[in-house]
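Each of the next two complexes has chain A plus one more chain, namely chain B in the first and chain C in the second.
== the complex of A and B ==
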């Protein structure tokens, strides 16, 4: 299923030139903020929880996910160069699978790793907060990458829709309508993190069985459907 | 004579036939006209006018989403015969900043990135316009589109307030102050977004870059402000942090000079002196992004 050449090209598309700078700026910002907060307030579990939960997991992970997930396939479909890839004797689900692996790897590297470092800076992993949020970021990376990769194959405005989901649905509706939280990748990831780390601060509105089932269903279904979309892809001209 | 005859006939044969091409002697519309056309086309394009139906959906939807809360507020104010509108005029743009951010993030790249990707920029410069004209037209068009987006709900509020027979002088003052504030906001946001979008020919990355600059900086600043508010009594730290994100800059300026109440934690906005720094930073950013854009397009070969 995994095709090294496709993977190499995708890595280049995602990280080549100055694009790695956009991806790299956010983690750097998170670590700078953590350092500033540590200097301002000292080690404080509640503050660490606020920064990691409010900024790292709620804002940074989804945005990295959007950039990596849609960036893995969107630009190629957009400029039509995907036909050169599709005309090669590689199975289309294999293309999607490879791109998914790359997107997951990039999202994890640019979100989970900095979250762990930031957690260590903030309170030295007191109450397992750093580990818990790192686990949440790792789990969320997989689901986000799959979801946004699908969006990339479905729509030309994948980035906008991805951002609307990440910023409006999860952040705004999630805080207003509690039902929306059941359908939020962030809450599913938190449920898993809660179980793994046993931290009392990291809690979720969704039970672990529901969260796990939904995570797996979303990831698998999104990947499968993205493969189907790619099989029947029609290339539209520029609008 | 007999010798010259063939050469004369040869000259006759190699004559260039006049097949009726005529040179253009009508009026030349010139540089200002080209600039004006580019401006109006870019402004129409920012709302999807003159483009496909699909590309009209998003800007129009965001415009509607921007105006609906204002309509609801007006309806409530009229129905309950309130003495005041539910919110201040200046507050509206701050509350709706997510919509404004999404709009500018989706339209700034469509305005400049496609010209870069399809390499049509050199074609513009083969017309009688210069780099400066292109940048000015694109900047002015996006700023106007943003101004329409942010001022329309204010107009709805204002007209609604007058219909509800609220105090005319007070409402007019609030409306005028808010219009100045959103004009500043439009210039600042479109400048920053165009610089970010012009850096990449790929639309997707452009959108992400603009959102990253606008939303992430706000998320970071407001998180830090909230923590500083709880943990240190020093309000000046909190106020200076506001300099690092576009929306808090606008918030600070309108708190200091335009009679708005601050949305900073604890409602501690900048004083007049700090407000001057805020205003200077805003104007500096606008001038700086204009300068960067001109520099970006100096090389016509991209």
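== the complex of A and C ==
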């Protein structure tokens, strides 16, 4: 299923252009904020929880997911260069699967790693908070990458829709409407993080079984559907 | 021997019919797909290449469907019209990636680069390439697996004359080797120089098909219209209408010119200066008023 050539092209496309700068900006900001907060307030578990939960997991991870997920395929479809992948005897689901792996790896690298570093800076992993949020970021990376890869495959405005989902649905609706929280990648990731880290500060509105099932269903279904869409992707001509 | 069969293919986008019930067979050798801009050539090539589903009808390669059949690309090479092509890679990396996607290696990539004579610039980034160099690297990527069918969408667009000659030579060679080569163009001369067999598309319809000489004859035998201004329009008109090469003349008072319809192209062009000299009339303007490709095509459609 995994095609190293498709992976190489995707990595270089993702990390070579201006996109790498955007990908790097948020993690740097997180670490700077953490350092400043630590200097100003000292090591405080509640503050660490607020920064990692409010900024790292709620804002940074989904945005990185949008950039990496849609960026793994969207630009190629937009500019038409995807024709060089499609005019090959390579199975379409294999192209999607490979791009998903790349998008997950990039999202994890640019979100989970900085989250862990920020957690260490904030309170030295007190109450397992750094580990918990790192696990949450890793888990969320998988689902976000799959969702936004699908979005990049089906829509030319994937980045806009992705940001709307990440910021409006996850952040705004999630905090206002309790039902929306059940359908929130962030909450599913928190459920797993709570279980793994056993941290009392890190909690989720969704039970672990529900969260696990939803995570798997969303990831698998989005990937499968993206593969189907790529099989019948229509390359619009100039006319 | 590879034959591409297009059987009663139509394609519409909403209410717009881009390709209208086209049936044709493309066999070994070089075939030119000729038509004005917006005629539906790209839509047709997209369907031939399996990148677009026909709304009705079928496209098959030696009996195998092209749409939703990725294994068919073992036998098809595609040179798209669009420019974008992983500009962050070097030419060599790009062709190698294309080779790997066919489960081939560096050897095949190098051979393809040699075929298009791009070895000298293979280690430069594609973003630094000229239009002609891009076209040749695209060509190398399409040739890397030695396909029996080659589809090229407007391959000569934006190329300078020398690059055009080189690419034509290459395509001629491919055709002579027994490959099925199809390229689209809206420029008559390009097609004339390269293709022995021509398919003409106008407004989504299959207007003409055959060898170039036949189509050329249809084009030169059609009635030609000229706009002529002279020092004495009426005297010139009287002298010209006496000859059978002219079928009608209108004195356009508003334009201050004659609109002449000639039925015998060769005879008329010899007659006009002779008549003018004999009657001591100065010719101020002689311009064909319907030489645009579109008007030639519309005549072909009616023929």
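Everything that follows uses one rule, which is that the second predicted complex is superposed on the first by the 234 of 239 C-alpha atoms of A that agree within 3 Å, B and C clash if a C-alpha of one lies under 4 Å from a C-alpha of the other, contacts with A are read in each partner's own complex, and residues count from 1 in each chain.
Following the convention adopted for this analysis, a contact is a pair of C-beta atoms (placed from the backbone, for glycine too) under 8 Å apart; a residue touches a chain by one contact, two chains touch by 3 or more.
The shown structure was predicted, so the numbers you read here are calculated from the model rather than taken from an experiment.
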Quick check for you: in the superposed arrangement, does A:137 touch first (chain B), second (chain C), both or neither? neither
Could you tell me if A:33 is touching chain B, chain C, both of them or neither one (first, second, both, neither)? first
Touching partner for A:218 - first (chain B), second (chain C), both, neither: neither
Give one of first, second, both or neither to describe whether A:12 is in contact with chain B, with chain C, with both, or with none. second
Per the contact definition in the header, classify A:50: touching chain B only (first), chain C only (second), both, or neither. first
Just checking: does A:189 make contact with chain B only, chain C only, both, or neither of them? Give me first, second, both or neither. neither
Winner by number of chain A residues touched, once chain B and chain C are compared: B
Looking at A:100 after the superposition, I want to know if it touches chain B, chain C, both of them or none. Which is it: first, second, both, neither? neither
Touch check for A:83: first (chain B), second (chain C), both, or neither? second
Both partners, chain B and chain C, contact chain A at residues 79, 238-239
Which part of chain C faces chain A closely enough to touch in the complex? 18, 37-38, 40-43, 45-46, 49, 51-53, 68, 70-74, 76-78, 80-82, 84-86, 88-89, 97-98, 100-102, 141-142
Touching chain A in the complex: which residues of chain B? 51-52, 54-55, 58, 98, 102, 105-106, 114, 117-118, 199-200, 202-205, 207-209, 211-212, 215-216, 219-220, 223-224, 226-228, 231-232, 237
Chain A residues touching chain B in their complex are 18-19, 22, 25-26, 29, 33, 36-37, 40-41, 44, 47, 50-51, 54-55, 59-60, 63, 66-67, 70-71, 74-75, 78-79, 156-160, 163-164, 167-168, 172, 238-239
What residues on chain A touch chain C, complex-wise? 3-6, 8-9, 12-13, 16-17, 79-81, 83-92, 231-235, 237-239
